[in-house]
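Please read the structure below before turning to the comments.
In this document, chain identifiers A, B, C, D, E and F correspond to the written order of the chains, with residue numbering beginning at 1 in each.
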Amino acid sequence: MATLGLIQYQNASAEVRAVYDDIMATRKTDWINNFWKALAHDLATLRRTWRSIKEIMAPGALDAVTKEMIYLAVSATNQCGYCIASHTAAARKAGMTDTMLAELLAVVGVANETNRLASGYQVEIDERFRTP
Amino acid sequence: MATLGLIQYQNASAEVRAVYDDIMATRKTDWINNFWKALAHDLATLRRTWRSIKEIMAPGALDAVTKEMIYLAVSATNQCGYCIASHTAAARKAGMTDTMLAELLAVVGVANETNRLASGYQVEIDERFRTP
Amino acid sequence: MATLGLIQYQNASAEVRAVYDDIMATRKTDWINNFWKALAHDLATLRRTWRSIKEIMAPGALDAVTKEMIYLAVSATNQCGYCIASHTAAARKAGMTDTMLAELLAVVGVANETNRLASGYQVEIDERFRTP
Amino acid sequence: MATLGLIQYQNASAEVRAVYDDIMATRKTDWINNFWKALAHDLATLRRTWRSIKEIMAPGALDAVTKEMIYLAVSATNQCGYCIASHTAAARKAGMTDTMLAELLAVVGVANETNRLASGYQVEIDERFRTP
Amino acid sequence: MATLGLIQYQNASAEVRAVYDDIMATRKTDWINNFWKALAHDLATLRRTWRSIKEIMAPGALDAVTKEMIYLAVSATNQCGYCIASHTAAARKAGMTDTMLAELLAVVGVANETNRLASGYQVEIDERFRTP
Amino acid sequence: MATLGLIQYQNASAEVRAVYDDIMATRKTDWINNFWKALAHDLATLRRTWRSIKEIMAPGALDAVTKEMIYLAVSATNQCGYCIASHTAAARKAGMTDTMLAELLAVVGVANETNRLASGYQVEIDERFRTP
């Protein structure tokens, strides 16, 4: 199920449970998905990764559903099966409809296409696009 | 400047000019960036690519700035220099602020990180995330 | 099980068996994993790939476990399921502990993150880092 | 030089300077490379990224040079120009010799090759390699 | 079976059936593979993607089997499981033999290797290779 | 110009010169491109890489221009600047015309697009496409 196995709540140390509890409280849910149960074998990585995600994914200048859709766009580009499945679910929960998903994937598709056309044609960056 | 060179407006055929004109009219701008000038060596690709982008990037269930940010997220993940430069400019024009850009890149970064953690730990997809 | 099927030892030609024998002798094991059985349909590729791996993975300035961990880091970055599974096993056999694996994956994760931050922010290479 | 420009020490806020100071102290150096100066436009990302790297790259079960070499292997696989340049320098500073670099790149090359052979031949994961 | 499920011919709208019919007629086959049944949830994407593929994959300066092999080379490089499976079948149908497949994958493998060697060694582009 | 610098013919050892001579004789040319001059710092990698490329790129079931085009398709997908430049030149020398290049890049583009659509929609592999 994972390289080092999955650590279930009932078998977890107090430190791991504290992270699990914070994940469930933050996400207003009563279960933990496999990703965290796999990371739990390395407490430092579990804590650091959760802390980063909690900070990054909190609504700011971008709202929650936009952030989740960007996460999904990256995962689809990288073709990470687990991440596509879990972040499709997360984005839906944050408000993404079927139509929004279809539009998102259409953009992901064409961006992956034109990225290779730009590289393949060896297009030089326009002066106007250069950074200061 | 590009594998087959760049076709400037004044040297373009009537068919290529028609696409250039539509790009400028749709984008409410008076210039054409190098990407299109490089594609113009292949009229079929120029037309098809513009037609696809025009259709996909038009506001729908997702608004223009969200679509441009997804485009940029893909380009940053693929590390396409030309595309990052041009779509950073396009997203700004559509309303992306510096703060939104910074939040977008933070999500792109952590998604690329966790994509590899999920794959590297060989995490199995949770039953709840499976598609019907 | 593989595009062209898997060639088992008992069904293999003398030339393929010679490669299988060398793999088992070099690795001090008595079995052949599917990767080689799939390549065996193309003797030239089987021989060349094994010859390259045997040469590259032999201890040199880097020891065996370091080389296997680098192999695993690449496979996790590329998200190659087969390669992650087989090289996790190989690295363990060469001495990688659970703690080393967790530290390796943490580095892989953050490197994938900062690669995109550097590209996304369009950071120019520092003069001091330029090659001669 | 970077999308949002580079923040030099003399123009940095007290909070940014505190991070710069910790980077220089931890790395026993007297300068800051462009990556951090670009991130400094987003204090949260600057702090979080530095905190993660400081924690992850500290010697543990893996020593400093091994961690830097894994970082470089990921960067070469992703073909991130900035990251290859900066982490080649960092790995050298941690003790990587020219011979070690050449062996590292040889492993990175062959791993990228066999990753595609395994995927292209659609090789199924051996029962022995499956996770519990 | 797919995020939004698969739309079978008998349950499809007239517009979707029209695309399915054109796919079957163009490919001289009597079935539709899952890819199209998944896209059918978004009629615009279904139509646009089929129209693009029909136009791009038609024999031109490159014949059908060469185009299918290039498609497969990209899919193997990206390690897209679905695409490798479907385009291996498509390339075979267009005339790719087992020997051609093996040679194709050998080129894909070594190209992925040398791409990273060129990037990892930070090789500068030769003057002769520069575009006009 | 490269991490470890470039080794020119006049400064090369007899062993390196022997490889350079074979490259020039095989390719019927009188110069060596930077890639080989960078690899020459590691004689084992120089020899192994050249030996592999010489064997793989020799005409077989696929002719020279088809192999070079596949090499270019991989390089464009990976967005390796050096490799795109050098293999565009190599493919042209082997007979690729501007029209063939444009068709090749169109296939590369759409394959990169549909790879992400297939992954993003989580499309299951059709029974008919499964390997034996």
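Throughout what follows, contacts are C-beta pairs under 8 Å (C-beta built on N, C-alpha and C of every residue); 3 or more make two chains touch, one makes a residue touch a chain.
Computed from a prediction, not measured in an experiment: that's the story for all the values here.
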Option in A-D, A-B or C-E whose residue-number contact pairs overlap C-F by over half: A-D
Determine which of the two chain pairs, B-D or A-F, is joined by the larger number of C-beta pairs in contact. A-F
Between subunit E and subunit F, what distance separates the C-alpha centroids? Give it in angstrom. 20
Between subunit A and subunit E, tell me the centre distance in angstrom, where each centre is the average of that chain's C-alpha atoms. 27
Subunit D to subunit E, mean C-alpha position gap in Å, rounds to 34
At which residue positions does subunit E touch at least two other chains? 1-4, 44-45, 48-49, 52, 56, 77-81, 85, 88, 99, 103, 105-106, 108-110, 112-115, 117, 119-122, 131
Which residues of subunit E touch subunit D in the complex? 72, 76-77, 79, 81, 84-85, 88, 105, 108-110, 112-117, 119-122
Quick check: in the complex, which residue numbers of subunit A touch subunit E? 79, 88, 98-99, 101-103, 105-106, 109, 122
If you look only at subunit A, which of its residues touch subunit C in the complex? 3-4, 41-42, 44-45, 48-49, 78-80, 131
Per the touch rule above, subunit F residues touching subunit C in the complex are 1-3, 5, 44, 48, 52, 55-56, 131-132
As the complex stands, subunit B meets subunit A at residues 1-4, 31, 33-35, 38-39, 45, 49, 52-53, 56-57, 60-62, 66-67, 69-71, 73-75, 77-78, 80-83, 85-89, 97, 99-100, 103-104, 106-108, 110-115, 117-126, 128-131
